[in-house]
Amino acid sequence: MSLKGLRSVSLFTAAFAIGVFCAGCGGKHARAVNLVGSTSVQPFAEFLAEEYLTAHPTENVEVQGGGSTAGLQAVINGLADIGMCSRSLTEEESPKFTATVIARDGLAIVVNQSNSVTTLTTEQLRGLFSGAIRNWKEVGGHDGPVRPITREEGSGTRESFVHLVMAKERISKSALTQESNGAVKELVKGDSAAIGYMSLGLVGKELKAIRVDDVEASRENVLNHSYKLARPFLFVAQGPLRPDAQRFMDFVLSKEGQQALESEGLVRAQ
Amino acid sequence: MRLLSPAQAQKVAVATMWTLAAITIGILVFIIGYILVLGLPYVTWSFLTEAPRQMGRSGGILPMIVATVAVAGLAVLIAGPVGVATAVYLTEYTREGRLTSFIRFGADCLAGIPSIIFGLFGFVFFTITLGMGLSVISGALTLALMVLPTIIRTAEVAIRAVPYSYREVSYGLGTTRWQMITKVVLPSALPGICTGVVLSVGRSISETAAVMLTAGSAPRMPESMFDSSRTLALHFYILSREGISMTNAYATASVLIISILSLNVIAYWIMNRFMRRVR
Amino acid sequence: MTDTTKQPKIQVRDVTISYAGKAVLRNLSLDIHPNERLAIIGPANSGKTSLLRCLNRLNDLQYGFSVTGQILLDGRDIYAPNVDVAALRRRVGMVYAVPVPLPWSMYENIVFGLRVTGIRDKATLDERVETSLKSAVLWDEIKDRLHEPAHNLSGGQQQRLCLARVLALHPDVLILDEPCSGLDPISTGKIEDALAELAARHTIILVTNNTKQASRASDRIAFFLMGELVETGPTTQIFTKPNDPRTDDYITGRFG
Amino acid sequence: MKQDKAIAFALMLIALSAVSGLALITVFIFKEGLPLILKSGAGGFFFSTDWDPKAKQFGIFSMIVGSLVVTAGAMIIGTVFGLGLAIVLTIFCPKALAAILKPLIELLAGIPSVVYGFIGVVTIVPFIRDYFGGPGLSVLATSIVLGVMVLPTVTSISIDALKSVPRSYWEGSIALGATEWQSTHMVMLKAARSGIVAAIILGMGRAVGETMAVIMVCGNTLEIPSTPLDPLRTLTSNIALEMGYATGEHREALFATAVTLFVIIMILNIAALTIARRGIMSNNR
């Protein structure tokens, strides 16, 4: 008579097993156009996707972070249709992918509003971030310690900065490491000793962008290539895109898409 | 050696203890007040029922609410039956021995493991090895494992609180052990079990590190268990850290805090009723 | 016993009961006849309750319990491996020293055992509730509030509810473990009245510390002392001229 | 009977899921992390302060030190306040007030760690930067945030320990003419000692393992902090900070960091369980 009880136990066990099994094999269902990669590109891609989906409600686009390198990896593994990359591809990488520049982003060097320094050379920047220059006095500022703020290892912004500024030098071990543009901004805003780097579009009025090698960090100067600290934002794929992914890509490169990106502070691809 | 007389020491000590307690309560009130004062004015109906726009700078948090409910709900739905079954086994089917202490040891250790390790495990096991991807189900299974010890512990306490005489009576009336458990013991222990479940929901909702690595962060409405999603806690983290919108960050945190507050109140209320009934 | 018409309801043969290797009842043999009211008396720790809890195998739950010898119910060994213990417990209904109503309504308490056996029909359940409550002399007191929590009843009423709960299952044998130990004289009287009526249909085994109750509510008495059966005999004989002086000492209150 | 055995067996299998979960976690974390530890060797991994994934240098010594330092700081704060609160709630405070305060403390445990971290960033960090100097993100800030976070753990387990002391101890001590405070620290705290130690160790486990709050307030530098105002990086923040991007050996190194964390946690867990068990035994005696 406890057969009923037994049945409910076995039913439960079976249901659980089936659940786990389904969960195991359910990974590959018909899915959206998948973008994976740089957290710097991510917000812009999300914004583009949003614009795109409002205009084309039947389409489906999904954006994930993970970092530039992870994005490339995801493309290789077929987990992503498009990889988002916030740096130039390395010599090793570039033959494997087809990369499309969707926009360019200036890398602004930011300090606290109260900091009197207005211009720095690339060498001075390198010194400030490597720990060779420890006092603002040495670069014409106030007498006080320098606190460089960097991004986390693997971030596209960091990799671009290292590539464009640091050459072979290492970023100082005592540099504060923050995991987002917003966090860097918050720190520099409150700390007169701080120096950091971030996307030009995100600087805002609360921080001071430094002139680098006597060129102002502005959108025009990025567009005309006179401001050297700039990086491409890439959409990366392998082989031909799926039709729906291609449609999204076309939108991004269209006038509408480019204007949307400019409204968010980026510099158009051409 | 004696600076103060015992009576003076008593006064000083009591005053110190009360100060410490007051500061602690002050911190709690400050944290909750801070978030609610800055966030609550922005929690509007449309904020709760709209999708975010411009990465969350405007719009609402509906997809995050759905994702949070889905991940936390599914986690408890999985951990609940497993946890209760474990508690039933420990209390009704075995005598204290090597096996029970082994199982308890496992649960206690599991309870102490930090969420980041659960996250890493969920990431390699559910997301990659089992191929579930960054998804609601990966997140839910990871959280299920995380809250399992809480459910086992509370269910065990609740089941043990059911008087032994109930079991004798049930046996005396000709029930099998299983009938006795399902018809007498579990119904009587239900409020206690519910308390554990409610607290586990609260813990799942506030978890960030483990969810970030397993459920992903796509700020979209999850349409199936295999979609990536962004929970409220993670949304708050991203909004505030990326400096996208502080008002929306505070509003999101307010929603989180209020949910957790209500869950705690519910758990406390159920527990009180339970205690009164069991006496 | 060769005479099948007069086969005892329960035969206890050379039974020794021990907990954790310590014997609490030794080499007991005792026959219990159909429809008789047997009272088991004796001081504390004499093994009365242990025997009772063997009769419906409730002792199985006890860690370290063991029993040797045989207990036959209608000629069948209740400890045989293929015995359905749950069915046995329905046939041998037990009432405990402390009334334990389950935390439900009075009605639910009574139909619980029936529901478990798969009886769902409302009319049948209602009918069983009524007859069993009547047998337990409780029907008139609670018939209008059957769906109130059983905990609302007084102690005496709770105990009769527990009796009714057992009766609803139509047991052959009723075993009662000091059912009136916590009750006032009026409630006790009501339970004794109920038992007198029930003897027509059931075999009743009553463990009691109260010799007066034993004299009122039994046909035959078994006197246990320190894990041994001292003697059995018809109630009147035990109370007037017991064979063993120890029985006499106990009944007249010289010890225990 | 046969069905009962089948149910018992099924339940046993389910009951083993917690243990299997633990085993699975152990296996996967070690499988991913151990190879790199073996390759780098103890000297190159545990005792090197050189963490530079690009250059394939994976030394986590500064993070081990960082984790231990902030845990110690957190425990000082968490123990002082948590124990104080536990004493107030069990001994000095009227029952009605305790009935309100205890759930409030439990609420403190329910607040998401990201909220703690955030509040730390917007209040404690600027305060330290403005009044004590340094970047604000520091050992001190992290210890304070973690201290508040472990407080509910320390409090509620200490309350249980204090409550399990037989009432007669307290009454006996008062009857001998001791003041309430003397009875508290000479009798109650001594009798509840092992439970309180277990509470502190479990609190340590939480502090060592906390991630999201720490990542926001610790500064994540790669140097060993030399003053309380210096920033630092913990084992957990190292994992969470870089996991999103890591591939290959870098990822293995992060898992190896997790292995280190896991071992520390397990040692703390087992210590707490053993001490708590011993405490229960001595109280029962």
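A, B, C and D label the chains in the order they appear, each numbered from 1.
Just so we're on the same page, a contact is a pair of C-beta atoms (placed from the backbone, for glycine too) under 8 Å apart; a residue touches a chain by one contact, two chains touch by 3 or more.
Everything numeric here is computed off the predicted structure, so don't read it as measured data.
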Identifier of the chain whose CA centre is least distant from the whole-structure CA centre: B
Pair exhibiting more inter-chain C-beta contacts, A-B or B-C: A-B
Distance between chain centroids, defined by C-alpha means - chain A, chain B (Å): 33
Inter-centroid spacing, chain D versus chain C (mean Cα positions, whole Å): 56
Chain centre separation in whole Å, for chain C relative to chain A (CA means): 80
Approximate Å spacing (C-alpha centroids) for the pair chain B, chain C: 48
Shared interface positions of chain A, touching two or more other chains: 1-2, 5-6, 9, 65, 179, 183, 186
Per-residue overlap in chain D, given as positions that touch at least 2 other chains: 3-4, 7, 11, 14, 216
Touching two or more other chains - residue numbers and ranges from chain B: 82, 176-179, 240-241
Chain A residues within the chain B interface of the complex: 1-2, 5-6, 8-9, 12, 16, 19, 23-29, 43, 46-47, 50, 62-65, 79, 179-183, 185-186, 202
Chain B residues within the chain A interface of the complex: 53-55, 78, 81-82, 126, 130-135, 137, 141, 176-179, 182, 216-220, 224-228, 238, 240-244
Contact set on chain D toward chain A in their complex: 3-4, 6-7, 10-11, 14, 49, 52-55, 121, 125-126, 129, 135-137, 215-216, 219-223, 231, 233, 241-242, 244-247, 250
Residue ranges of chain B touching chain D (in the complex, touch as defined): 6-7, 9-10, 13-14, 16-18, 20-21, 23-25, 27-28, 31-32, 34-35, 82, 85-86, 88-90, 93-94, 99, 102-103, 105-110, 112-118, 120-121, 123-125, 129, 145, 148-149, 152, 176-178, 199, 202-203, 205-209, 212-213, 233-234, 236-237, 240-241, 249, 253, 256-257, 260-261, 263-264, 268
Touching residues on chain D, where the partner in the complex is chain B: 3-4, 7-8, 11-12, 14-19, 21-22, 24-25, 28-29, 32, 80-81, 84-85, 87-89, 92-93, 101, 103-108, 110-116, 118-119, 123, 148, 151, 178-182, 184-185, 202, 205-206, 208-212, 216, 236, 239-240, 243, 254-255, 258, 261-262, 265-266, 268-270, 272-273
